[in-house]
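The chains carry the letters A, B and C, assigned in the order they are written, with residues numbered from 1 in each.
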Amino acid sequence: MTLSIENQGSSGSAYDFVPGQALENLARVGRGTPMGEVLRRYWQPISLSSKATRTPQNVRVLGEDLVLFRTGKGKVGLLYPRCCHRGASLFFGGVEEEGIRCCYHGWVFDTEGHCLEQPCEPELGLHRDRVRQPWYPVQELYGMVWAYMGPPDRMPILPRIDVFEDVPAGEGVYADDSGFSGGGPAEMDFNWLSHWENVVDPFHVPILHARFSGNQFVPEMAVLPEVSYSYTPSGVRQESQRRLKDGRIFQRITEVVMPNLRVVPDVMMRTVDAPCDTLGWVVPVDDENFKIFTLFRADDPNLLKNMKATYSGRLWAELSEEEHQRTPGDYEAQSSQGKISLHTDDHLTTTDQGVTMLRRLMARIAKQVAEGQDPPGLFFDEADAVIKVSGGNYWVSDTTDDPS
Amino acid sequence: MTLSIENQGSSGSAYDFVPGQALENLARVGRGTPMGEVLRRYWQPISLSSKATRTPQNVRVLGEDLVLFRTGKGKVGLLYPRCCHRGASLFFGGVEEEGIRCCYHGWVFDTEGHCLEQPCEPELGLHRDRVRQPWYPVQELYGMVWAYMGPPDRMPILPRIDVFEDVPAGEGVYADDSGFSGGGPAEMDFNWLSHWENVVDPFHVPILHARFSGNQFVPEMAVLPEVSYSYTPSGVRQESQRRLKDGRIFQRITEVVMPNLRVVPDVMMRTVDAPCDTLGWVVPVDDENFKIFTLFRADDPNLLKNMKATYSGRLWAELSEEEHQRTPGDYEAQSSQGKISLHTDDHLTTTDQGVTMLRRLMARIAKQVAEGQDPPGLFFDEADAVIKVSGGNYWVSDTTDDPS
Amino acid sequence: MTLSIENQGSSGSAYDFVPGQALENLARVGRGTPMGEVLRRYWQPISLSSKATRTPQNVRVLGEDLVLFRTGKGKVGLLYPRCCHRGASLFFGGVEEEGIRCCYHGWVFDTEGHCLEQPCEPELGLHRDRVRQPWYPVQELYGMVWAYMGPPDRMPILPRIDVFEDVPAGEGVYADDSGFSGGGPAEMDFNWLSHWENVVDPFHVPILHARFSGNQFVPEMAVLPEVSYSYTPSGVRQESQRRLKDGRIFQRITEVVMPNLRVVPDVMMRTVDAPCDTLGWVVPVDDENFKIFTLFRADDPNLLKNMKATYSGRLWAELSEEEHQRTPGDYEAQSSQGKISLHTDDHLTTTDQGVTMLRRLMARIAKQVAEGQDPPGLFFDEADAVIKVSGGNYWVSDTTDDPS
């Protein structure tokens, strides 16, 4: 990572320029990669609960292809697709009361990969307990399916989240997988890190989302903020203060919580003076694709859908490339950094402090995990397994106030 | 090849699972690969005769790109496409009485690659006999073009086939390249071995084609068979007996004949108590694609076309992916094994004995050929150059009967 | 390069044929490759002037991705796309009076890559002069944008061209990037060398363009020529004489000027007895794609557009593949040589002398440049920086005449 700034060649000619490299240790997500092993130590949202049905679904998470289904008895299963018998995919399997039956020779597996039946074998398989279909543990919470894809003996507790507990009457907690806050398609086609870093980059907001493309958020966001950054026990927190023309001070606290939870207060300022109640998980599909799973508390299940940005009445997907050039947003800025950005070519400055801090934190945690330690923010005690959210939008009377 | 069965890790977690490998020596078909060299020792069907015309066709066989054409005099040619002069493809060549003329500078080649004319050179090429366009020998038989793509000094005789000789009046021998018995498109997009092994796998029939997807064949086929397997001089033979509810015994003899001839009696039981008169050659296009060339004897040239499976009146290609999930057939089961299956992850059991025997036979023959021996089933004496088919459907009165 | 001709194996079987290789040193165009470094020593046309506007354009030249734009003040810029700050592409940048502003955090760069503003930083960037966006010098001439992509300290003068100076009243010099003379799409999808060599190959004309496909040019071109070849100070020149039935002698002088300028007199013989006034630059997009930029002098700006070949009234792009087989032209012949032709498989004969000479010249110059010398044909003195064109169509009374 180039933190200093320097010229390339005396003329600056592109002829003398040698492109740099990606920070592979932070960007890559496969099994055995530094960050891939960090991501696998936490429960990850992998699907909406409503999409786990008796029709098997192919899902790809962290570079692994898996099959998701819900048994007749309602249990959700997440299995390696290639049947351990002869390799046909369980995507073509038939879901039954207790498990899924491979279409080819009928072997049945439960949600933990146990083989329940081998119909062509004597007595339905005298040795069927000697095979096991590779599987991952899953749980359902807040309308999402969460999977634990890490080492079995280190499995933590799936935490609850404070802002989604004790929900007032009339409100609900809803889940979304449409790519909310990505500014593009439901599945983004570039490395997750380019999006993840963006969360701790408050200065792109008044440029990209206001001065450059016209106000994509509320006008208050167009003001250049004063920002302070700090490490939390398991992430990076930034506090942005904007002095508005009317004398008010708008404070905004944003957090990234390791390994991939974004706590970004509503950019439309729908709620102010309350903790952030819209949380997003940046879940890598593989090294070059990711999804955003969002949980939000609202009285209207369609809230996010209705907040979808429009450009002269048209949706993002309906714009031409030249129109995207005229009003770029997060998707254009981040995807154009490359399938995987060449991070060592960055020239990070004072206003990139959040990015610098996050990269350092990630590198440190990846090293810890590689050395056998636990990463921060895991819960092993049911009693305190609650994520506490401190981000939010606030009106403050003075810059020395701190509502957190 | 994992013939034993064992667990992966004590928890069976996919986290601990390490994917296996393909049996490259059996699956790959390129020149110089073990099985590629076996396949090249036999005449292979590469096209219907009707498709060899004065309009050159690109054909891809065993990973090699070739150009097929028929001269004005009716001879079929199969040449390497890149003109030996300056490399333009003979696909754009013009077919003449004696050969094909390259479009670029007009060199003419006959069906054995001899250069007949170099029109820009003095006297049409004083040294034209010093170049030769790479070529393969072809013959036509039973409405198909057969090519010999192996070492020239080992070329065997193209054999006739007993069931297609002495055809009764009113019947004919017809050829088909529409992917009959593949259950999918005309050209299958996965490794040929996944299909080839399926031929000696009688137990998928009552599961995949009956219990799972509803009867795709006749109801008799839904009964779980008793099967015995044996090696023939050049293949594997299986005899399946099904005891029907009405007391009758239905016997079915299926064969694979090296290297890629499938002898599979009619699954619709159109003919019983007669040798199999529908033969298929599983011809690799390359490592990840194959075609099936079928010869059949019938009174109706459209027999196979009319047997095309329909699902509620619609053809396979017209179904949605979710409909394919509900009624998977051979294509779904086999293609989902992967572009090339990871064979070492298979857990072969008692009912996979045919597959086990076939893999062993193929490995043994590939080794023999690599050591310089001839593979079994080649004919070098015109007098006995006839393939004898013993497969078929039979009614038997007692299990000790053997109609072969 | 195989200049001798020999058989492959005694039978000529394709089984014994081992494909050859590309002349990588001549074909490849990337930075650091022998020919890539030669091409970079000359100014290259990379766009029509009319396409350099305030809307940034992605251009790909010599395997490099760049962004082209024109500032509000009218200066053309050609920059490396990845913003040196955080990597968003300048394709989504906003063009201003003095330069281009990155959409992400608003850094502004001028056409020489100097950073003019970092809007989020204190005082718009106290250290902004310590970064520089990689850039290439560009100039506009004859309606085209020319770039110099070579070592800065070796930059030559962009030469003028004699036939485009002192243009008579009523005529103009016009630029075209529609792929004129390529016989196919605007951007060709194969290695540039296959097209470039074709320019010094006079014998394909009477075959490909006349005898084979019907007269694609004027009937005079169908006559087999007598050709003599010679080296010029920086290229290869060929003189073709055709003795017509009416006794007249038609002489045609064609040149290639290093590294990629084609001087091919009008194949429709619109102008005779005058120097060639239609020049084409064969500009590699990358190793497997190229464009042709054409300059022509005419009284009609639409001259080339109106010369577009038609086949029974339809354009090339409207023909089926089988129709292309019946009337192949330059695109079919050259593209079918392969993405990059396997040049060592060529069997070059007496009528390929131009190709042989060109390959030798290119290899010699590539070696010179690799050793630190200048290639031929560069101009470093403004006074004589004029390319003089000697090619053209001429009527001559006797073969000993030489109009050059």
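We adopt the following convention: a contact is a pair of C-beta atoms (placed from the backbone, for glycine too) under 8 Å apart; a residue touches a chain by one contact, two chains touch by 3 or more.
Fair warning: this is a prediction, and the values are worked out from it, not measured in the lab.
K.L.:
Regarding the subunit A and subunit C pair, does the interface count as same (over half of residue numbers shared) or different (under half shared)?
P.N.:
different
K.L.:
On C-alpha atoms only, rotate subunit B onto subunit C and read off the angle in steps of 5 degrees.
P.N.:
120
K.L.:
How many angstrom between the C-alpha centroids of subunit C and subunit A?
P.N.:
Chain centroid spacing, subunit A to subunit C, equals 47 Å.
K.L.:
So which stretches of subunit C touch two or more other chains?
P.N.:
Where subunit C is concerned, no single residue meets two or more other chains.
K.L.:
In the complex, go through subunit C and note every residue touching subunit B.
P.N.:
Touching subunit B from subunit C are residues 5-9, 11-17, 19, 194, 201, 203-204, 206-208, 211-213, 224, 322, 324-325, 328, 332-334, 336-338, 341-343, 345-352, 355.
K.L.:
In their shared complex, at which residues does subunit A touch subunit B?
P.N.:
31, 40, 55-56, 64, 66, 79-82, 84-89, 91-92, 94, 101, 103-106, 112-114, 118-122, 125, 127, 130-137, 149-152
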